Amino acid sequence: MTAPVVPDAAGAATPALRRTPLRWLVGVDRLAVAGAALLALIVLAALLAPWIAPHPEDGGSATHPLEALLPPSAEHWFGTDQVGRDVLSRVLYGARTSLLIAVAVLAISGGVGVVLGVVAGYAGGWVRDVIMRVTDVFLAFPALLLSLALAVVLQPSVTTVIVAIAVTWWPWYARLTASVAASVATRAFVDSARCLGVPAPLIVFRHVLPNSLTPVLVQLSLDGGGVILTAAALSYLGLGAHEPTSEWGLMVQQGQSLFTTNWWVVTFPGLAILITAFAFNVLGEGLRARLTR
Amino acid sequence: GGGKIRGGADGSEGSTQPGTSQNAQNPSSAADATFVYVPNLDVVTDWDPASSYSNEILAMQNIYESLTRYNPQTKQAEPRLATSWTSSDDGKKWTFTLRQGATFHTGKPVDAAAAKAAIERTMKMGAGAAYIWDAVKKIEAKDSSTLKFTLKYPTALDLVASAGYASYVYDTTAAGSGDLKTWFGEGHDAGSGPYTIDTWEKGKETELTLKAFDDYWGGWDGPRYKKIAYRVTPELTTAWQLLRGGEVTFVARLNPQLFAEAGGTPTVQAAQTPSFQNLLTLFNTHSGPLKDVRLRQALQKAIDYDGVVAVLKGAGAPAAGLVPEGLLGHNAGQTPRQDLAGAEALLKEAGYGPGGKKLELTLTYAQGDSDQEVLVTLLSSTLDKLNVKLSAKPLQWTTQWDQAKAKDPAKRQDILVMYWWPDYADAFSWFVNIFRSEDPISFNLSYLRDDAIDKRINELPQLTATDRDAAEKAYAELQNKIINERAAVAVPYVMNYQRAFAKSVQGYVDNPAYPNVVFVHDLKPGA
Amino acid sequence: MGNGTLIRIRGLVVRIGDRVIASVPELDVGSGECVAIVGESGSGKTTTLLAALGLVGDVSDLGVRGVDISGEITVCGVDVVAAGPGELRGIRGSRAALVMQSPQAALNPTMRLGTLMRRALARHGVKGAAARSRAEEAVKAVLLDPEIMRRYPHQVSGGQAQRFAIALALALGAEIVLADEPTSALDVTVQAEVVAVLRRLRDERGLAVLLVSHDLALVSTIADRVLVMRDGAVVESGPAAELFDRPRDAYTRELVAAVPALPSREEER
Amino acid sequence: MSVLSADAVTLAYGAAPVVHEVSLAVDEGGVGLIGESGSGKTTLARALLGLLRPRSGTIRYGSRDLAALDRSGRAEFRRAVQPVFQAEALDPRMTAAASIGEALTTHHRMSRAGRRARVAELLDGVGLDPALAARRPHQMSGGQRQRVAIARALAVEPRLLVLDEPTSALDVTVQARILDLLEGLAGGRGLGYLLITHNLGVVGRLCRTSHVLFAGRVVESGPTRDLLVHPAHPYTLALRDAVPRLGGEPPRASGRTEAAPAATGCPFRLRCPLAVDRCRDEAPEAREVTGRRVACHRAEDVLERALDASRWRGGTGHPAHHIQKGH
Amino acid sequence: MSRYLIRRLGQAALVVAGVVTLTFVIMRLVPGDPAVAYAGPRASPAELAAARQRFGLDDPLPVQLWNYVRDLVTGDWGVSLHTRRPVRDDLFLAFPASLELVAAALVIAVAAGIPLGVAAARHKGRLPDLSIRLSSMLAVSVPVFWMALALQTIFSSGLGWFPIAGEYDTGLDQTSPLRVYTNITAVDALFTGNWPILTSTLHHLVLPALVLAAYPTGVIAQMTRAALIEESARDHARMERALGFGETAVLTRFALRPALNPVLSLIALVFAYSIVNGFLVEAVFNWPGLGRYATDSIRTLDTPSIAGVTLLVAALYVLANLAVDLLQGVIDPRARAR
């Protein structure tokens, strides 16, 4: 990212702050660091799930009907679920699904949105009008509802979740990119490239795109949490991941009627969703504070 | 002016002004005399007793009456609007004697002519479960209390007349010159049962309330519930919390854990009853890998019957054959067991199993049904160990069904999981619908085609109507053929109803022939 | 400190972190005086000016932390460095007023000019009819139609906005205006008008002006004394006429030389 | 024949035209375009660069209509005419070398080494240390950035530069150096340039002829010196009088400077001290007055006043000395 | 202004048209034949054909689309397959309760979010700011269905402070029947002076509204803070400080209003989002709103109802945005000038 010529003033603390132990938490980019660290931890847990999960087979298709719904214990830190699987192991494996969904959705919708957006923003005129009206339509569609409808059409699976959310998500990036790109397109260096005779596609991807990306990146990291929540909501409504996939939303859905009797089944995956979404949000907020100056 | 009173039965203004409303005479006791029933789905979609074929049975059975009612203890129909009946030896002529003194809510007496008119209207409309009357050729009202049926082929008409749907006797003249269906649709009723519609407001939490019909032939002596309210609550946990909090009287469905909690709660009673609904795992006998009977048998053996029942913790009971207990044809002692060694041997024989080819199977089941999900989860876990890859897809029923009926057999699933329950208390329903050859396919989703089986199935009605012992034997033989020889199906469990209700409710008996129905007039509100 | 001295700076050093961004050994502005600070971009002109109002390092400075101010700043008798926020607010506006570079951006976009004026007057204890007449008088003094107070910032031109900012200072009774490049966003013809207003107010009412500008020619026409800054330090200071005629510092010389000259008839001859 | 010329060009963004029927031509040597903010200078420049299509009128490259150029003609035009903008002419994400390199490779293939050498050469040509090649814009000073932008424009060896306020964002001392550079380049290479500015001193120094734009119309054009010494249009006069002079009198305020251009008659009349009824009723046509074209009914009177005023004013123009070259 | 309004309305109409088309396409893509679903499992071929006829399924697609649009315009939103009633009537019954819940949630969100954002901006970089930021990020991250269950278990079942579920005490239907005008219970109760139902409804509203308010409160607080900080770094804020206003005055009396613009657009977005998010809350609290209807429609693949819900929410989104645009004109004179 660009560093201003001016030495970064944010690093230094005011005299009042210098003395407080909170200082390390307060700086804006510390927030980004904290979010990134938390997220890294989650990613690590996801990657290492087969090795750190106490019962790795439970993350897959294993079942132990006779050990169903055991409360948390030394053997099962998070207890066991309806068919006797170790909840901790499934939560760890669930991180894989959730992160996969988040990354895939952000990549697809970000990719599509940014490309369309940058084209709309640079081209302007009717091209922009057409693209923007289409995004308007998709934006007007309630995201969860469109995802629901699509999930119904495509039949439930992790892939469906990814496609369905991506379909509702790209217009945000298209819009954001279009508005940024439109202003980038009026900047002198773009005109200057045009005057050199650089072909339009090259201008778009060499000059406009890289210079429009920062706010999109921020938005992407902020949205990570939203995607995970939406995916969880879809699975919760029975339209997302299904057995035997470990997925947090599905786990909450399956465990929800057990909340009063076997709280651990629903509490831990719920917390996992909360913490992961939180990590994305903290990261995004930190990046926003840092980059949109 | 303007506006509409919420709670007004017909929506017209002023019909239930405070002070003039029926419950105003005794407001203090109104609360304890109201039976609050918690269903998890909307109650009413169709108010027409001829075509009603859905969740409104909960209310309909308290508003309308049929000629007979099924008693699962005796496995026989017993009197309701008809006090007695006889059938000819060939089972093709049935004569019912009607109760004296019963009147419709419209004030008209219930007589043979009215019953004939009602049943004929139902048959003529042919909607919903009207097919149950298919055998009827002719109905005659001999006199005001004698109703005579002539059938095209022998059928146990007393059982048909006890059906939960399409069997109601109602006043076909209720709407006068107006269109009866429309009149029903506005929330009117023309039954003869103990309750009549008080208020109905679609989409509200308390969707429906019924009030006592004062002239009910059964009378209102002693303490009885004078009102019924249906309070729709989809979330089990919420429903349970409402019950525990004393806000409702009866919760139709709980999960095993909540049910266990209900058992330990002093203000609440819990009752568990086997239902007539069992889970079928239908194997594709027609195409795909499961054409090989050995594989189907291997799958039957691979199912962890005990595991499933254990996990269901009472929500399901071990099944014995296709016919649930309480119905003619139930075959005790046929309870299946998991046999992994046997399954492995059969797989090996067919060239699959551990060390052999990988067997890949597709399975569809109902989305959002946690019990089916348990079965599928356990099954795929077991099959994994047997080198069988099960890709299980939860689908909405229509989708699942569409796919199962696909013209192209290659598009059909290998295994289909679904529930079945009869429209009236007769095991025939399983056989005629699911295992008799069909073209095009409707419910024969194992695609079984076997002339011998078809022939035996076709004989069942007459046997049931005339010779119950022979019928019993025929059922046993057929189940053996379908399950053991052809291995078209496995039956992992029969659903149990797990109800919880207020301690004060006295005299509750579950009647699985009328799923989820509470016959409120039969109950007594206690202290 | 003389009675007429409105701003007195001695040994001011402003640091961000370890970097000195402005250091002014000595600066005085007396009433009726116009003192200008010139210098290249980033030389610390704005910083010096804001320091006088205690506005360096406030929230408005995009995330600036660790601003360290040492030295002595006295504005209208208040020790700015030591003063508490309440005391500072007491002099801001009512005694020392600010006029900024970008005319419209310095006015709240959602507020009619009159509303801003009314609130500012109320803030300093002037309300009701008194406020109205003061406002009207001030607006007229800067050659604006009082009708302008009904408009929003985006409905007035740059020169009008700048003059309104000056009118705000007048209405509040400010004795000194601190103007940070008040005309550099304006066209020359408009600039001439704003400058003319400032001059007139100085002549007629003894309004003092601390002017920051990079336009040497402009400064030379109105300033009594000039400070030349470069890289955070004052390289030369003195009476305007002397400084422009005999620049001592090399940088000042370069500055003077760089002023483009218009051809004139004299040359033509 | 002029390298680049506009013939009765009208330009608009929305419905209302921003530039009305402007004609001008740029050859070798400098042409100035002066006007207040919003008068349409940049708009015109963009049209001349082929970035904006005229609503009416034609822009010619040599004798060919810009709008009708074919592919190769367009490429040729792109090489021949290059802009230098006020600010941000460089992609903030590219190093100086990449920016200049882009210009080098857009029209020709070039080896990596050849490109590096040429970049160094070009940087040297604008008085910069070739070590700067690796820097991004934010790591350079404003003057350095502007020099890199000029080097980039020169990379395609154009015949003509369109300079849109190339120095307004710079400090006066830096500005002086850049102007020196441009002057040198123009002289040395026979480059033509159109210089857009609101700084009268700058055109006075660099341009032989100038056009004064008011509200999208050329109100006066002719030799720069004549324009500035004795303007024939009241707007040019106001401009000249408003410029502060080092050590001179304070600039004179003309009053009513905020008035919007008039919609009918002479657009300047609301600000014009000499306006008469005719100015309200009849829009002045451009006409020839003592060696220049002026669109004013009272050009002669203005001329007289201007001569008067400058005599009376007796301003001291400092000759431009002490100016150092390079860095 | 009016030209702008007309253009804006035209745009909105275009968007609605797009939504309708898209809805239609999705409806046609949904597996399962609506005619079969409508006619029932044992329908005869003749009945099926009649149902197909009824739904116009035999017409070519463009004709179907045209008919669909025509029906929509004339107020015929089709017949629900699972309730067998006109979708429009169903929506009219279910939606007001949802609106009540969402409105309550948004009122809470605005009432809490904006002051929190102001407080955070006021103490930027210090402990209050940090805690407000972190808690609003938490609020934004919490899965709503999970929070609903947790709060219900703690505050209703456990502590008994709030009713477990429902919109008001159902017994009140008998003792003080409600005269219905808008179908929004709280509003009707308020205007007919039905205090028992009003207080009961408000009491029932607390928990679900709080749960639903979590997300909007978080985003509004964050956005308010960010916009305020941005606004307070602008030149005009420096000017206001230089006029002698204190930091709090600058934030609340000057910066807040221009900062409210992005917050307003956000509220429009959040409004539509909350309606759908509310479905999950409604399920837990048994709120008789659109949620149950929507989930039932999806469960039963009831295409006309799904389409109805989708169109309704989309239309609301468009309306909310339109309203915000107009409101922005009131708040920000620059927008009015457009």
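When the chains are written out, they are named A, B, C, D and E in that same order, and each has its own residue count from 1.
Here, a residue touches a chain if its C-beta (ideal position, glycine included) is under 8 Å from a C-beta of that chain, and two chains touch if they have at least 3 such contacts.
The UniProt protein names, listed by chain, are A = Cytochrome c550; C = ABC transporter domain-containing protein; D = ABC transporter ATP-binding protein; E = Putative D,D-dipeptide transport system permease protein DdpB.
Quick caveat: nothing in here was measured; it's all calculated off a predicted structure.
*Asks:* Which is the least count of steps on a path of touching chains running from subunit A to subunit E?
*Replies:* Step count on the best path from subunit A to subunit E: 1.
*Asks:* Looking only at C-beta pairs that count as contacts, which pair of chains has more of them, C-E or B-E?
*Replies:* By number of C-beta pairs in contact, B-E is the larger.
*Asks:* Express in whole angstrom the distance between the two chain centres, defined as the mean CA positions of subunit B and subunit E.
*Replies:* Taking the average C-alpha coordinate of subunit B and of subunit E, the gap between them is 38 Å.
*Asks:* Report the inter-chain centroid distance for subunit A and subunit B in whole angstrom, where each centroid is the mean of the CA atoms.
*Replies:* Roughly 45 Å separates the two chain centres.
*Asks:* Need the CA-centroid distance for the pair subunit A / subunit C, whole Å please.
*Replies:* 49
*Asks:* Show the residues in subunit C shared as contacts by 2 or more other chains, in ascending order.
*Replies:* 62, 65
*Asks:* Subunit D: which residues touch two or more other chains?
*Replies:* Correct list: empty.
*Asks:* Can you pull out the residues of subunit B that are in contact with at least two other chains?
*Replies:* If we look for residues of subunit B contacting two or more partner chains, we find 235, 237, 241, 367-368, 396, 399.
*Asks:* Please output the residues of subunit D touching subunit C within their complex, sorted ascending.
*Replies:* 36-37, 142, 171-176, 179, 198-202, 204-205, 224-225, 228-230, 238-255, 257-258, 307, 310-311, 314-324
*Asks:* Report the residues of subunit C in contact with subunit E in the complex, numbered from low to high.
*Replies:* Subunit C reaches subunit E through residues 53, 55, 58-62, 65, 85, 89-94, 97-98, 100-102, 105-111, 119-120, 123-124, 152, 154-155, 165, 168, 172.
*Asks:* Any idea which subunit A residues touch subunit E in the complex?
*Replies:* Residue list for subunit A touching subunit E: 17, 22, 25-26, 31, 133-134, 136-146, 148-150, 152-153, 155, 225, 229, 232-233, 236-239, 249, 252, 256, 259-260, 266, 270, 273-275, 277-278, 280-282, 285, 288.
*Asks:* Can you tell me which positions in subunit E touch subunit A when the two form their complex?
*Replies:* 11, 14-16, 18-19, 22, 26, 29-31, 125-127, 130, 133-134, 137-138, 140-146, 149-150, 153, 157, 222, 226, 272-273, 275-277, 279-280, 294-295, 298-299, 301, 306, 309-310, 313-314, 317-318
*Asks:* Help me check something: in the complex, which residues belonging to subunit E touch subunit C?
*Replies:* For subunit E paired with subunit C, touching residues are 124-125, 229, 232-247, 249, 253-254, 257-258, 331-334, 337.
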